[in-house]
Amino acid sequence: MSSIAQYLLNGLMQGTIYGLVAIGFTIFFGVMNVIKFSHGDVLTFGAFGGLVAAWAATALGFPIWLELVFVVLISVMASAAIGAIIARGLVLPLKDAPPLNMLLMTMMVGTAIRECIRLFFPNGTNPQRFPELLPSGGFDLSGVYFRYDGLILIAAGIAFIFAVQWIINRTRLGLAIRAVAEDGETARTMGINFTLTVAIAFAIGSMTAGVAGALYGLYYSEINYSMGLILAIIGFSAAIIGGLGNIWGAIVGGYLFAGLQTAVVALLPALSDYKNVIALIVVVALIAWRPTGLLAERGSERV
Amino acid sequence: MLGSKGGVWGLAVSGLVLMAAANADGAFAKEKVKIAFVGPLTGSNSQHGIGGRNSAELAVKLKNADPATKYEYELVALDDECKPNVAVQVVTKIASDNSIVVAVPHYCSAAAIATVDIFHRFKLPMVIWAAVLPQITYAKKVPEIHRVSGTLIGQNRVGAQFMKERGYKTFVSFADSTDYGKSMNEYFTKFTNENKNEILGAFAVPPDQQDVSAELTRIKELNPQVIYFGGLTPLGTRVRTQMEKLGITAQLEGNSGIMGDAFISAVGPELAEGTLTFFDSPPLSKMPGGKFFSDNYTKAGYTQSPEAYGPFAFAATNLVMEEIERVGPNRAKITEALGKVKDRPSIIGPITFDDYGQNITPLTTKYVVQDGKWTIWEESEYATGKRKLKNLP
Amino acid sequence: MTVTSMKGTAGQIVSSILVTALLVGSLVAVLEIEDQRALGICVAIIAGLSFLAPKLGILRGAEQAGAHHPWAVRLIILIGFCSLVLILKDNNFALLMIATILIYATVCLGITIQTGYAGLFNFAGAAFLGTGGYTAAMLANATWLPDIVTILLGGVIAAALGTVLILPVLRTRGHYAALTTLAFGVLFNGFLEANEMLGGPQGLKVPGIQIFGWDFSNDLVIGSLSFSFYANYVLLIGAIFALFMIFTRFIERSWIGIWLDAVRLDEIAVSVFGLRISVWKSFAFTAGNFLAGVMGAVYAKMTEFIAPANFTFGDSLLLVAIVLLGGIGNRWGVLVATMIVILLPEKLQFIQEYRLLLFACIIILLLMVRPAGLLARRVRVFEERH
Amino acid sequence: MSAGSKNESPLIASGLSVKFGGLLALNELSIEVRRGEVLGLIGPNGSGKTTFFNVISGIYAASAGQVLLDGRDITTLRPHQIAAHGLARTFQRSRLCLSLSVFDNLMLGAVRRLNSGLWYNLVRRDRLAADVRSAAKEARDLLAIFNPDLAGKLWQPAISLGMIDRRRLEICRALIGRPKIVLLDEPSAGMTHDETNQLMNEILEVRRNLGNLTVVMVEHEMGLIERATDRCVVLNYGKKICEGKYADVAADPLVREAYLGKS
């Protein structure tokens, strides 16, 4: 029984990371109706930014709590910056192009980011060790091993999810973003700076990737240049099965995907090779069942 | 328009003239001989490919610096991306190029299996520098095929024997789902069973899977003494770090796939401490010429490390150049000469090819991580009993 | 030559000869020249000519020739193709590249029917290619089965496998549909890697093609001329490609072509006129997968080896990239784009580990500069006179 | 028109309701369309006129009620099935396939008459070519009734047409399938007064040529309604509030209130 709790804990951590990635997808889709597939690689970029920050902090002799703050801050800023740059430089100019062009373009941007890290980061092809900045150790509760860092990170991730939700739904900035999402033209006539709002929305969406990247590094103590690709596929799946444009949908999708993967290993250990295959079959089946996602309104098309 | 059309042809012709001119440059110097190197230069295995390429390049550079050689060598390096179809493409390319007389190909076994027939068809001799699946050489006798790296059978035989001697009884196998991992698992299972030890479970995950905690939780339930890992460094790193996160205290037994500094630097010296591997080459410092290789590698200014198989690429390239010096740049003659290689000294130990072209004298060596360094077991504090492996019965 | 001189029958025929010659000449030059500097100059000249051709009305002329004198143009292309094989006759590598280009181009014709016409995204092209390949591998022991049948079965099985996806594809649109196929492509690859029955990650050996005692793995000898054994494959694949080019054209220039376009452009509006959207979506999806499956079988038999690593998400992406770069819905654009996409990384070998980065940058640049692709699709005009 | 020879009303909607979320877009609406008439459907914005069209043509599902087309229950049928029973429509916002030619757009209206068989389309190219020729002639003739210039633009993309020609094309697309009943959703939208008048004359002319085709028309231009319709139905909040000749309807206090609001 104890291992069930252990699986749950693992699944929760994975789900939080997936959910964070999916939120980014859903924000981009909401605002610009685009799928920005480079999102996973923006995450990687943020995580590597955090790694460089950690090296700098060590060199400067920061205390460990300051190093932690610095690492997370730089991760978030690095991914927000590159997200905004991609939005401004590549996504906006192509906003009227067919969706397929945008999809391919952002996939290629992701490839370019990935390759740049691999080629230009020192020893970039190899996995990199991410410093452990959170209290190590943990406690054993009837056979379940709770690590402090895991608990802290899950809490932090969930807190950030709520923060993003709050920004989008409760602030003036969020109002502007939602206005642009609803109808770009009208928002413009209402005096909202369209380009700036889009760039900010992309920055916020990318920040979630930065947070996910930092969480990933702190939790797994290891990052590598190619971790973004599979996370992008999973995050995209999560956002879709939840229902694009719906933040809660993205979160549900994230935990669902993690739950599926964990369940296959826990319940059908003989099929653990097929973990992703089974999870993706369920994704396809879910899409067939609810073609616009689990939480999306089943709104009818305007005719 | 027709004029411009003619321009294309004119250009094609002038291109050929240019090529001819380039070749003519060497007319006064030594005859130029081309050797092809093939390995993954892009993708997730590219650190090995680039390390191997650098090492092969180094061998060529050092050889060319030697005034006593008969020929001037040129290395043509190509990327097979570790994909069979791309490998078929690039090998067809080098095989159709008659100026290339011999090849040093492949890190990934799937690529090598796909190209064996092409090397044979075009009668291009080759010496594999890293792919380790047994059937590349042993599926059938092909005169052109040779391999300096040992098959993964040896590593596993030595490993299983070693673990038995330490008294370990229960194992779990954790491999990646590539050909490499599957084959590793196969021979691990074979030898472990022969030793009458118990395998509690076997797991396979794609090499790019990031989170392995679900599998590890399952392993924690099984509570083995040893986790056998059959995969490459990136996944190995994740397994080791996530074992720690889940509080798994089993002994980690690795293989050639995690051999190299990358593993230790990625998991950190504390976590790496005590990890075992079995690898087909003693440390460079123990080999004649090993220090020469590492010094020159550093001196050449390569930023990427040669990785575990760099020395093999260096040895293979040197071997083919030695044969060319002896019999001349002729494919058939090189094939014949390579078939007779016996006890040839190299930085990875003496090389002897059997009838299948397989190097049968790899010096499989036991390593353990001690203070952030791969240390030969016999020289480690673990062997003396000063430090202890985990979960020793 | 001026724009006016390109009109009229003679002008059109001359135009199509010029365009064919440009294509053949470029291929020969790019494949035969190894010297980097010469290649650079050569590529610049090809680019210049390609830029000039539309300005001088040659492209338009060739297009009109295709519409008014289809058989004459087909003859010209056939002559061009034969001379290509003749020039490259013993260059194994060049012929392998030509065969690879034609294989990818055919698969992309399938995706053109799916995405370009019916508007269905397919990010699992490599999976259907792989299905054909694995069918050929599985049927290797059934030696009593003629290889032609095996190849056709590759297409049939791929099309049949595609029906698994039909329900979600029919029910979804846009990005949701994109994910459906994307997920399928990834899971297909994962399945190949995980299972043992289909060879697992190591892949399988596949025997070469034999048709009526004609063994494709022997060098082709015609009279006193001896060709590389790849010439066999180039001829067969060329024939299949030509067949599917005509098939695709016939689909496009028919009522069905209109229905497919309408399904893409506004399925709600046209359903009101009685068009059965699901039928035509299924048709386009199945037809495209059939093409991919057929070529997958041929591809496996040509390389005599298949492994899961050949059919990854990245490969599916490559197929989509080709269709987009060519100009979505344009059959000839597919061919031109395939040449570029297949030959570019090969010719970029000299920059080795920087290849993929440069390739990504070039695609991004092309998407920014030419969002409609290299050759935009023209409005369909039915020929009224006969 | 074999089915049409029966003298019943070709379209009967009874007790039709449509819900969007909590909103009742149609509220137990009953409308009967008589054979050969031009029925005007009017009402303020959001009163449910277009929703009514969408339910009839099968795009939206009704949550309650029934629709009979020539005595057949079509309430639960899919759009393409309803089309097969002889219903055609236009859309308020232009829904031409702009990148396709005028001919292609027209042919979409004739889907049911054209042979979609694979053998025919891919192999019997000679027969196909002959059919294309006769279809092109028919298309030109139809377009010429509206605007002779338009007939000459058969192979041009629809996007090259002006606003009024696009509207003409949409109407022709609805007519070429020889429907029994046509729904016109605001034919005047986006056009000037003169253009609207001209277009309406053309529509009425063509309708007479087609043997007094039954037409239901949503329109805001009251002049048009007055001139073109035989009878009007007024909707408000998804309910029918009034029905009758235009003059009677226009005088109804309920209608005035709906348009002007309570004063």
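As written, the chains take the letters A, B, C and D, and residue 1 is the first residue of each chain.
Operating definition for what follows: contacts are C-beta pairs under 8 Å (C-beta built on N, C-alpha and C of every residue); 3 or more make two chains touch, one makes a residue touch a chain.
These numbers were taken from a predicted model, which means no experiment stands behind them.
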Where chain B and chain C overlap in contact partners, by chain label: A
Most distant chain from chain A by Cα centroid: D
Interchain centroid distance [CA atoms averaged], chain B/chain D, Å: 72
Inter-centroid spacing, chain D versus chain C (mean Cα positions, whole Å): 43
Chain A and chain D, separation of their C-alpha mean positions in angstrom: 48
Chain A and chain B: spacing of chain centres that average the CA atoms, whole Å: 36
Chain D, residues touching no fewer than two other chains: 59, 91
Two or more partner chains touched - positions in chain B: 42, 46, 50, 177, 204, 206
Residue list for chain C, restricted to those that touch at least two other chains: 190, 193-194, 268, 353, 356
Residue numbers on chain D that touch chain C, as the complex places them: 57-59, 78-80, 82-84, 88-89, 91, 95, 97-101, 103-104, 107-109, 111-112, 114-116, 118, 121-122, 125, 128-129, 132-133, 136, 155-157, 173, 177
Chain C contact footprint on chain B (complex, rising order): 1-2, 4-5, 7-9, 11-12, 14-16, 18-19, 22, 41-43, 46, 50, 53, 77-79, 82-85, 88-90, 92-93, 95-97, 109-110, 113-114, 117, 122, 133, 177-179, 181-183, 204, 206
List of chain A residues in touch with chain C within their complex: 29, 35, 90, 93-94, 97-101, 103-105, 107-109, 111-112, 115-116, 119, 233, 236-237, 240, 244, 273-274, 276-277, 280-281, 283-285, 287-288, 291-293, 301, 303
Complex interface listing, chain C residues touching chain D: 247, 250-251, 254-256, 258-259, 261-262, 265-266, 268-277, 379-384, 386
Chain B contact footprint on chain A (complex, rising order): 3, 6-7, 10-11, 13-14, 115, 118, 122-123, 125-129, 138, 140, 145, 147, 149-150, 216, 219-222, 224, 226-227, 229-231, 261-262, 265-266, 269, 272-273, 275-276
